[in-house]
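Have a look at the structure that comes next, please.
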Amino acid sequence: MDNIQSINFFIPELILVATIAFCLIIDFFLSKKNSFNVAYVALIGIILSGISLWFSSPLITTSLFLNSIVLDPFSRIFKFIFLISSFITILISLDTSELKNRSLGEYFTLITAMILGLILMTSSVDLIMIYLSIELVSIISFILAGYLRFKMISNEAAIKYVIYGAFSSGLMLYGFSLLYGLTGTTKLFEMNKVLFSHDFSHINLSLIVSFLLIIAGLGYKIAIAPFHFWTPDVYEGSPTPITAFFSVAPKAAGFALMVRFLNSLFGDVNPLNSENWVSIEGVPWQAILLLLSALTMIIGNLIAIQQENVKRLLAYSSIAHAGYILMGIPLLSKDGVFAVVFYIIVYLFMQLGAFYISIIIADKYKTEKIEDYAGIGWQSPFLGILMSLFMFSLTGLPPTAGFIGKFYLFAAVINAGTQYYWIAIVGVLNSVISLYYYMRIVKVMYFNEKNIQNSFVPSQFSILLLLILGIPTIYFGVQWTYIHEWVDSALKFFIPNF
Amino acid sequence: MDLNSYLIISAILFSLGLFGVITRRNGVAVLMSIELILNAANINFIAFSRYSGMDFSGHIFSLFVIILAAAEAAVALAIILNIFNNFGSINIDDANKMSQ
Amino acid sequence: MDFNILSWLIWTPVLGAILIVILPKNRMDLIKWIAVFFTGIQLLLSILLWFNFDNNIQGFQFMEKSPWIPAFNITYMLGVDGLSLPMVGLTALLSFLCVFVSWNIDKAPKGYFSLFLLLDAGMMGVFLSLDFFLFYIFWEVMLLPMYFLIGIWGGPNREYAAIKFFLYTLFGSVLMLIAVLALYFSSGRTFDMIELMSTAPTALSQISWWGFSGVKVVWLLLFIGFAIKVPIFPFHTWLPLAHVEAPTAISVILAGVLLKMGTYGILRINFPMIPDGTVWFAGILAFLALINIIWGGMCALAQTDLKKMVAYSSINHMGYVMLGMSAVVAAGSKYGSNIAAAELGMNGAVLQMFNHGTITAMLFILVGVVYDRAHHRDINGFGGLASKTPIYAAIVALAWFAGLGLPGLSGFISEAMTFLGAFPVYRNIVILSTIGILLNAAYFLTSYQKIFLGKLNEKYKDLPEINRREILILVPLAILVIFLGIYPTPLIDIMKTTMSEIIFRVEASELLVK
Amino acid sequence: MINYGIAILLLPLLSFIIMIFVGKKLPNRGDWLSIGSVAITFCLSLSLFIMMLFKYDPYFKVEKIFTWFNLGTLDLKIGILIDNITIIMLLVVSLVSTLVHIYSTSYMKEDSRYSRYFAFLSLFTFSMNGIILSNNLLGIYIFWELVGLSSYLLIGFWFEKESAANASKKAFLVNRVGDIGMFIGIMLFFSSIGSFLFKDLYLGVSQGMFSVDTLTIAGLCLFAGAVGKSAQFPLHIWLPDAMEGPTPVSALIHAATMVAAGVYLAFRLFPIFTPQALTIIAYVGAITAVFAAIIAITQNDIKKVLAYSTVSQLGYMILAVGVGAYTYGFFHLVTHAAFKAGLFLCSGSVIHAMHHAYHKLDDHKSDAQDMRNMGGLKDKMPVTFYSMLFCTIALSGIPFTSGFLSKDAVLAGTLAFSSQYPNHFLLSLFGFSAALFTAFYMFRLIFLTFYGKPNSKKVFDNIHESPIQMTTPLIILSSLSFFLFFTFPNFNPLSYDGWFMTLVKSKDSLVPGYLNPTAYQIKEEIGQAHNLALFLSLSVAALGIGFAFLIYYSKLISPDSIYRRLKVLHNLSFNKFFIDEILKKYLIDPFLKISKYIAIFDWDVYDKYFINGFGRITENFSKTVGNLWDYKFLDQKIIDGFGRITKFSGSKLRLIQSGKIQNYLILVLVGIIILYVFQAI
């Protein structure tokens, strides 16, 4: 479809673009004190974009802008994920004291712009577009990470992030260039055809090198070991709402991109045989990804055990979660992709919820230390119960959504064949390890009593927001048929060949 | 000159970039090294595009890369400026509060 | 059926829990009476179920089935048979009694009783669900209230005990999850246990893992999950800790019901679904039973903490259950088609599960009684209490003798059945296991003597006698212990059809053909 | 007939249930209830007995089988069997029990747990009747343990005494050792036959369902139960300690009835014992008989002497089973029940009197059971004295007593066996020497207690004859030692023919292959050995009594000089051959120690280091990874290592200073390289 025709299918994104522009204009007229009002503009824009997305047909599968972007139900789900997570992040940002009394116009504008980048990441099928969207997200991330300009650690986070990010994208770009040289095209589907129609065994070295360099670039985005080293510093230095956002949305986009990139590049995606696909030979990408997955879970969990700071703990644990999710990608099956999408959806709610509670508690008690959470379960039963719920869900205990997410992941692994059992065992054992540190928070909240008897009730805004995050966490643990069918139907049209 | 010469040059550039990124203390120098890596990729793109002769997407790609590199450099320099204001140095390893 | 009695059994306590959560904090008495009311209803329902149960029908009764997640073929499916019915009765009875046991909980009773009711629902769900996924959900859901109940209301070392219990059991259950999924996918995507019983035996043999047959791998994964609950040596070390630290009522539930879940799971899932694995493992199971019996008995003998001794005695007693279970292979023609022995072993095992439930409940309640009064549990720290508290001493004597397997009390007949059942197949193991009978007597009598006999310890000359509430809690258990010791037929009649069915399924294994 | 049996079984149980719950509140603390129930039991037994005498049928048998429970294919059957042996045993038990009940009303009058005592006695009577009436091994095992329970409860009745508490525990545990053997035996039989009934057992054995070896082992396993219950060597250790219980209890349980249950079991099982098993049984019995008798010689506690005497006499009975003269063994069981119960009750009477005397003098230190504190009680307690004397005569085997008849028969049996198998001559040697020692120590007891000078005048003055409730049972029991009661239509005091021997007929062995001689052959041989045995037993009895007379009555030989001369022997005997100490040192203590080690291992090693080790490994690993994070390891070792390596190679890379971010980047590159290497593998 050419560019003009494509516009018709690009309305949600266009609304976002308009919102970004509008935000910038509004911000111009607002004083520093009132600059937070830009958030409402952004929220309205997100809602409008969401509505137009909602009413766009879920069944249309086509490519836009001269085959550089696709429109498919798979990316549609992710668009919703980004809209919801940014919506919640903006709400959280409005509530936190960390960002009080700052000029926030650009902040909200940047978040909105980031959504656009994320959306493009999930729909790109052209190397150029992929690179562009990744850079769009990255550059905005650098700025947001360093948004607290006068805070040393925020600066530090930003410089580390920017150097790491630029370096990684440089590596990835070099990988792209090799891939381009091998296949002579930048379009993923054409590359796939070339890879399957030619014998690459004599030059498989360059293919592998380019694959590894690209994995390094993508791996940096989703923070899998050993490309995760920036994560803790950046997560700690960034404003907490941004940390929460980073641990969900760019990760989701990275996974979406990875799923699309790897499956359309290396997998013989035949829609007729949509259960299990065939991989090209010569590149052991599945084994490498499984290894990375295991490594990521183990490292993420092991370092998370050490943490005394709730925010850092959640940041590290998000690495472990990336490891779990990564498990579903190399399976080359619909079940695997399904599980990845499902897990990301439920992960969105529980991770944001846990972060939000830590923000509320940090605002109220001025602490992020785990031991200072003592007795909170008794002082504020609402926060205690919800925090426990999020912890259970992150651990993967029924009847929470986190369990269902893990369940589908393991189901996909088991279904893929006995040769994958080992990764399932590594995965389940890691969730046992994760129980230890997640439960430590619950333990401190309930078992270690403090003498503080005054009870603490969060604001109504917080309660509402927490319910928005908490109810899906429990409800999807009990009844997830809709979500299952939604994701399932989306994957029926996953990545058709053009 | 054939394709291989370009590829060798780009590989050398890439390696130099890597070396510079790893060894330089100065933030600006690190950024410059990263530019080397990007340019190595650019050379690749153009060489492949020229010698494989299929389409111009390689050229287009390298144009985009140049633009994005500029944008990235702008943001990075702004951050380095900020670092300089806060830490009084543009040595990136001086910005190391968290690990202490 | 219009009245879904099984659903009511599970969800009644949940209703109670919700009601308690809604109530204001200061209505202490009301909270307790609500707990009494809802567990009481559950008990009545289980009695109703007991009387409406038809002993002669093979398979499951009172089945309920409704779709839950059709996309993944997960259903909400409940049913009861001769294996689960005794466990349901035990759960309902002990839950009801334990509400009274925890009458004096004064630390956050609202939280305690609501969690307790949730625990009750979870246990009931495990015994009633016929959908493997549902089973797994209940299995894990039960852990959460347990974690809090030990961690908040437990003894001095409660945090450690709680997390250890949690980690241990989660470790087992996640391995079980893999097995569940392997079963699901190899048998044509179903969690329906009844269907799995017919499809799984052949389906599993078609997969293999690193050269091991799927039968063995899946059997072992399931087994580890269940073995931790039983607990089977060497997965037993959470038990003494958790039992000692938990409050009395929770110890009762832990030992009385939770341990049974392990053996219940093996009997419900491993045995009928993977008969080949069962046959392959039966010998090791018998050997592990021997170790449980001897190891548990010897550890109990050496304890100075009364509650720890009782906890180790549970390890010892669950060994008898496993010994009886291993007898199932006797039915195969390889072992002379000794169906009578298999029947003895299997019925004995389930009978022992029930009897140990009642006996150990008495033991823990009695330990709780003395702990409430003396505030310690050191066996050597008492002496001569029998002259001060004769009624208490008499009830303890009854429980202790039931524990050591005195004929006429329920423990004896089930232990004897397990021995008699396993004997034809595992002669040497059974002969060695009989040392356990001696050990039982040794540790129970030694502790009894140290606490109750001899000169009265002057410290306790004002020790109050057991009170009426405590006696009333113990009376139903004591009646059951005596009645089933003399006349086990009502219980055996319920389970024997199901046991024959399981034996028949295991017997069908090709490994058992001569 | 079966209804009689059921009534006999259940009446004491009923009395137990009522007594344990409401006994204290009943008038007279409920003793009438227990006595009444046991008296009715006695009447029922007596009527059965009379019926038996009228029928006069040696093969009389009534059996009723119930299904206890059904498991699908397996019917678990139990039931009641009444034959002549049952009836005789029932009569003995209910008679002794009734008398002990009556005796106890006086003996235990001052005890605060009076009603509980009677409840326990009822429980015992119930369990003992259960053993007798059972027609199956499982039933016997069940009641076997239940008599163990009542024995435990009654030995430890005065549980405030540490020694009583210990003794009761010891009794239960030692008995359990035997019971385990018995249970294994039961399992061996059951696994082949699928039934516990004697009937099926006999049938199975006679059909040759067992090899001789299996049968030997199974028989010996069952016999282990008898070894425990009947206090045979080496499980005899509990019985002397059991004397910590009230004396009437010792008389009933530990002399007359419960300990004889082992003999009763052996009697029931005789037809299935193989020759090998019987030989071992015979030796166990013989060793026990002589061994316990030797110990009895040096004991000073009046009850201990009687206890060892009981052990010794039980050895006789077992010996009789072993040599095939098992009907004579049973005969000895019955006669012994009467006079040994009499002896115990007499000793109880003495102790009671001594105790009261000490009590009056406010002396709580002196031992009322020590014979050295007694002496000359003959005139003060004439009824007790004459009863005891007569029982002693019976036990020593003097003609005109029942003891003479039964003991003589057993000895004749051993003699016959030894003449048949001369290499087993030790059996009869042991038998006769035990008879010698028996006569000696029993008369030593009589002389020390009733003759000579009283040890303390004050005590002596306060001694009184016991009340009528206590003396009546003494008279009844001692008179029952008169031979005529057992030989009724036959008035020859030297021959044991009579109703008993007619009605209790021995059975042929059922072991296939005719390995054992038939009952008729055994009877013939014993008949031939009878005269020799008569002569020998009379002479050894006379010898024993003579020695005792010389040493303890006329004091012609000083006991001290003998002690000195036979110091080692005396020490051994006095200390019971150190069996308890040996068992404690080499079996019990090590076992307890192992248990302790295992518990410590389980809790402090296995759990702490192995199970928690997983946690610790995870933790340490995470610390290591965490340090890796902090670059203590990676930064210092690997990265600096690179520097060092490059420095070493002389390049100009010394300017390298790894900043923090650069470390990350290096790790990325290292990661990629590792992955490359990995994929190549």
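All chains are identified by letter, namely A, B, C and D, in their written order; residue positions are counted from 1 within each chain.
We adopt the following convention: a contact is a pair of C-beta atoms (placed from the backbone, for glycine too) under 8 Å apart; a residue touches a chain by one contact, two chains touch by 3 or more.
Please read these numbers as outputs of a predicted model, since none were measured by experiment.
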| item | value |
| --- | --- |
| C-D against A-C, pair bridged by the larger set of C-beta contacts | C-D |
| Central chain of the complex, centres being mean CA coordinates | C |
| Centre-of-Cα separation between chain D and chain C, whole angstrom | 36 |
| Centre-to-centre distance between chain C and chain A (centres being mean Cα positions), rounded to whole Å | 43 |
| Between chain B and chain D, centroid-to-centroid distance (C-alpha), Å | 95 |
| Inter-chain centre distance, chain B versus chain C - centres from mean C-alpha coordinates, in Å | 66 |
| For chain C, residues that touch 2 or more chains besides their own | 167 |
| Touching two or more other chains - residues of chain A | 159-160, 163, 167, 171, 232, 436 |
| Sequence positions of chain D contacting 2 or more other chains | 615, 660-661, 665 |
| Pairwise chain contacts, counting only pairs that touch as defined | A-B, A-C, A-D, B-D, C-D |
| Of all residues in chain A, those that touch chain C in their complex | 378, 392, 397-399, 403, 407, 410-411, 414-415, 418, 421, 424-425, 428-429, 431-432, 435-436, 439, 443, 446-448, 479-481, 484-485, 488 |
| Of chain B, residues touching chain D in the complex | 18, 21-23, 25, 30, 91-93, 96, 99 |
| Contacting residues of chain A [partner chain D, same complex] | 159-160, 163-164, 167-168, 171, 208-209, 212-213, 215-216, 220, 225-227, 229-230, 232, 283-284, 287-288, 291-292, 299, 301-303, 305-306, 433, 436 |
| Chain C residues touching chain A - in the complex, by the definition given at the top | 68-72, 108, 136-137, 140-141, 143-144, 147-148, 151-152, 158-159, 162-163, 166-167, 170-171, 174-175, 177-178, 181-182, 184-185, 207-210, 214, 217 |
| Partner chain A, residues of chain B touching it in the complex | 7, 10, 14, 17, 21, 27, 30-31, 34, 37-38, 40-42, 44-45, 47-49, 52, 54-55, 57-58, 60-61, 64-65, 68, 71-72, 75-76, 79-80, 82-83, 86-87, 92, 95-99 |
